[in-house]
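Each in structure tokens, the structures are laid out below.
Below are two complexes that have subunit A in common, paired first with subunit B and then with subunit C.
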Partner chain A sequence: MRRRKASLLLFLCIPVAASVLGMQIGLLWEAVRRAGHSSWSAALPHFWNQTVNTLLLTCAAVIISLPLAFFCGVWLLRTRHKRCKRMLLHMLSALAGVPSAVYGLFGYLLFGGVCALGYSLLTGALTAALLLLPTTVFLLWDALRRLGDTSLRSALALGAPEGRAVCGVLLPQAGHAIYTAAFLAASRVAAESAALILTAGIGETSARGLRRFLQSGATLSVGMFQSILEGETELAFSAGVLLLLLAALLDALSHGR
Partner chain B sequence: MRNLAVSYNETPVLQDVSLRIRGGCITALIGRSGCGKSTFLQCLNRLIEENGAAVSGSILFEGREILSPHLDLCALRRQVGMVFQAPSPFEMSIFDNVAYGLRLHERLTRRELRRRVEKELRRVGLLEEIGDRMSANARCLSGGQQQRLCIARALALSPRVLLLDEPTAALDPVSTVQVERLLRGLVPHVTVVIVTHNLAQAKRIAQQIVFFGRGTVLQIGDAGLLDGIGAEAALREYLEYA
Partner chain C sequence: MRKIREALYRFSVITAAAIGAATLLLLAGWMLAAALPALRASGISFLMSPVWEPTRERFGISAMLLSSIGTALGAVAAASPAALCAALIFGEFCHPAVGRAFFALNRILSGLPSVLYGLIGMTCLVPVIDRKLYPLTAAAGGTGGLAVILILSLMVLPSLVTGYEQTLRAVPQAPQRASAALGATKAQTAFCCILPSIRRSVRLHAGNALRRALGEATAVLLVSGNVVRLPSLFAAQRTLAGTIVLEMGYAAGKHRSALFAIGLFLLLSTALLPSAQGEG
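On to the complex of A and B.
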């Protein structure tokens, strides 16, 4: 009887898994098929701009959010203030469920308005960093809990001040978790659109170097939306394929360590 | 220590503990699980406060009150080293593990640092075993080697007291013998306080026995207590299960 149930379950799982895989392959095939060839030479600088914007904004967002998330995770691990800890965890859980468009509005008001950064890659990066915080905090806190605190206590037992123990002992130990969290966060930011439309804007960036961060610039996902709205489906699918390749690269890198 | 008491969220764990640990010898803390041995041990270097415990009473170390809020904890923990039950090498090389404490507290040249690290590794019998693999990650070592590495790391700071919380619980018999031999070699220069469930081990190495029960010290004596000589009822009952 049990064997029959197990066989039935397997029998059901195979077509479901095959359907999901088939859909994904079909979508990818369709995207590649529709990606335009006729306008590639004209579109290349445009894609290059968007790709650079995506990479810069992603890196900046991850660099801003990861240290904050790590130290927040350490505080959650080490704190004795149970009430504050519970409050922070509830707040982070709530923030994790907030739609990214709302983050975009908040980022537009705070960074774009109050901080007078306007529409810019920097505004987008700061907003994306806020967006990433709840997820990365939970990821890193969970990883730190699994690591256990024996090494940290051993460092404290050797007379290390807490800060040095955290940075010198806990941080290297959490290296793998931080590495994975960084690439997961990067994938999230690269695919983000709603928050970035409202903060990084949809412009074509022309500045070079760090001044690029102070200019408005569309990322690949924002560019994709823009192209669809303007009726340029070939460009949209091309941007989609580039995003897929970027996501695959980030995923490969996250498993690389 | 005098009238030492420890509690977590107002739940008492240790109460009215008063005893004197003999310097220059090995003191074994024995008793049932949950009776407060590890808690007591962690009071001696105030690591218990990291768990959020409230400690009251008095602990004197070389005439100084170590429960004073003005005490330099880093300096105390340099002099009172600790080794935990589970081997906990840091995510760094074997060399850097032993050098960690030295780099924290002393300014040494590279040559002097290497000399000190090699001295401690030789002392715990690791130098011959690892050979020229000092730059290898410490986690590549076996459990017994990792525990001896942790002991070397603690001894590198030349502590006056070494606290060990069931250091051989996770080790094979050969590694256990190696650690016991190492501990015997430390006295009388270092005072050793060891928590152990292994009464045979306590008999082999300890000169002073402290028997814990119900969150307090029930009996203190020499190693003869483990043969039942002068043992009170509670200790005799505990020894029957051994």
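On to the complex of A and C.
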């Protein structure tokens, strides 16, 4: 490619890149500006319940899916069945792209119907855990592979049984990756709406403690969708700004250590 | 004690792998079982007919299917080159601090709920489209294909930018140095050496974005107008995923089963697209 042609192409790229940045800043600015118009003193008690729901559901989903993902990653790392491994990888990468609305339908049938949990935070958390599974498995498996198996092999050679070697040597080494994966997963659940409308429902629970898990409760993003449908866009914008802050916080935490 | 611990370890590893494998099978099997009544009732017309009238038990998804495919392809076709340009400019040709800020912004934006994009589209984009293109938008008031495409492309942009940034950072340095040593400018190196080497990864990330755009429900619902009709840029329409969320609340019997059939169809079509994960 000639020098001038390449430079010309590059100069064509610059306005595109600038407009991408401009649109994104405009989007943030618009959300913050609109949220500024709403009355926060009236909105905050309304959000308190939804924020608690979001935190509970997110924590539960991450706590359920991380151990599963870690052991799944260990299986992928240690297995000798090449074909099984390839098959599992194909299935997981197919799962990774399944729309969240489909997970919602599945969770509604399996956890809500068969397990008789109905619309509840627990149904939502279990569904979200399944939704997170493929991505977290890939994250953790990648991290485990990159650690290399020298230390694991040495532990095994010193006579440690495999369970001891994995939980005592591999797990602490993968701590950083698990920490990052947890916050990435949390930010995905916090932003989720379609799957949770179908499983956790849109209720406003008032129960305290663990009983809360058995009642239908809207998370922040589901509540946001509901208030848009009810025409209260200002309220929705303030929820959006709360979610924006939450996303920024989770991102900062996931890089924080 | 030691034996119990080992057995427990082995059990949990195998269970975890089995759950990973069983999820997809269960997902497909269960959806198929739930979808069978509607599929049996409408047969091939489920895919071919554009008429969706649940009250008269006429379930045809082709209009919504075309709308889904059209908007998702349009969004990825718009967003993918723009994201590549942005990743290239901010990653290679820019002050490092500006680049870092841009990519941090994109990481945060990719964690935003899609509802927020829908809301911005509904309150800012749709009125602007309505005002600027008035005679065309008279029927739907700005909602429709164009608004959906714009919102979907805004929504997939951040994750595409993040993906491309990681790809560009993983490109080996040696060929770039060789290219510079041969007297190529930075621009020539970028277009002739870096971009061809990441073609495969670009395709995979675009595939991921396509799956996300196909499956998006809530953001699309807010700007699409929600009338089942053959898609066009300025007429109200509805997508497959949007229908599930919109109608699941009150559906019963055959209607509910038809929604599960839509879910099954979405599951199969997204599972068959190429994926960037689990490579190598």
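Here, the second predicted complex is superposed on the first by the 236 of 257 C-alpha atoms of A that agree within 3 Å, B and C clash if a C-alpha of one lies under 4 Å from a C-alpha of the other, contacts with A are read in each partner's own complex, and residues count from 1 in each chain.
Definition applied: contacts are C-beta pairs under 8 Å (C-beta built on N, C-alpha and C of every residue); 3 or more make two chains touch, one makes a residue touch a chain.
This one's a predicted model, so the numbers in the text were calculated from it and none came from an experiment.
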For A:Gly22, using the defined touch cut-off, is the partner it touches subunit B, subunit C, both, or neither? Pick first, second, both or neither.
neither
Kindly classify A:Pro45 by the partners it touches after superposition: subunit B alone (first), subunit C alone (second), both, or neither?
neither
Once the shared chain is lined up, is A:Leu68 touching subunit B (first), subunit C (second), both, or neither of them?
second
Residues of subunit A touched by subunit B versus by subunit C: which partner has the larger set?
C
Output check: A:Arg80 vs subunit B and subunit C. Expected answer is one of first, second, both, neither. What do you get?
first
Considering only touches as defined above, state whether A:Leu158 meets subunit B (first), subunit C (second), both or neither.
first
Which residues of subunit A are in contact with subunit B in one complex and with subunit C in the other?
161, 164
State the interface residues of subunit B toward subunit A in the complex, per the touch definition above.
45, 47, 50, 52, 73-78, 81-82, 84, 86, 88-92, 100-101, 104-105, 150, 153-154, 157
Subunit A to subunit C touching residues, read off their complex
1, 3, 6-7, 9-10, 13-14, 16-17, 19-21, 23-25, 27-28, 30-31, 34, 67-72, 74-76, 78-79, 87-106, 108-110, 130, 133-135, 137-138, 161-164, 166-167, 187-188, 190-194, 197-198, 220-221, 224-225, 228, 233, 236-237, 240, 243-244, 247-248, 250-251
Per the touch rule above, subunit C residues touching subunit A in the complex are 2, 5-6, 8-10, 12-17, 19-21, 23-27, 30-31, 34, 81-83, 85-86, 88-90, 93, 102, 104-109, 111-120, 122-124, 154, 157-158, 161, 185, 187-188, 190-192, 208, 211-212, 214-218, 222, 241, 244-245, 248, 259-260, 263, 266-267, 270-273, 275, 277-278
In their complex, what parts of subunit A are in touch with subunit B?
80, 150-151, 153-161, 164, 168-169, 172-173, 175
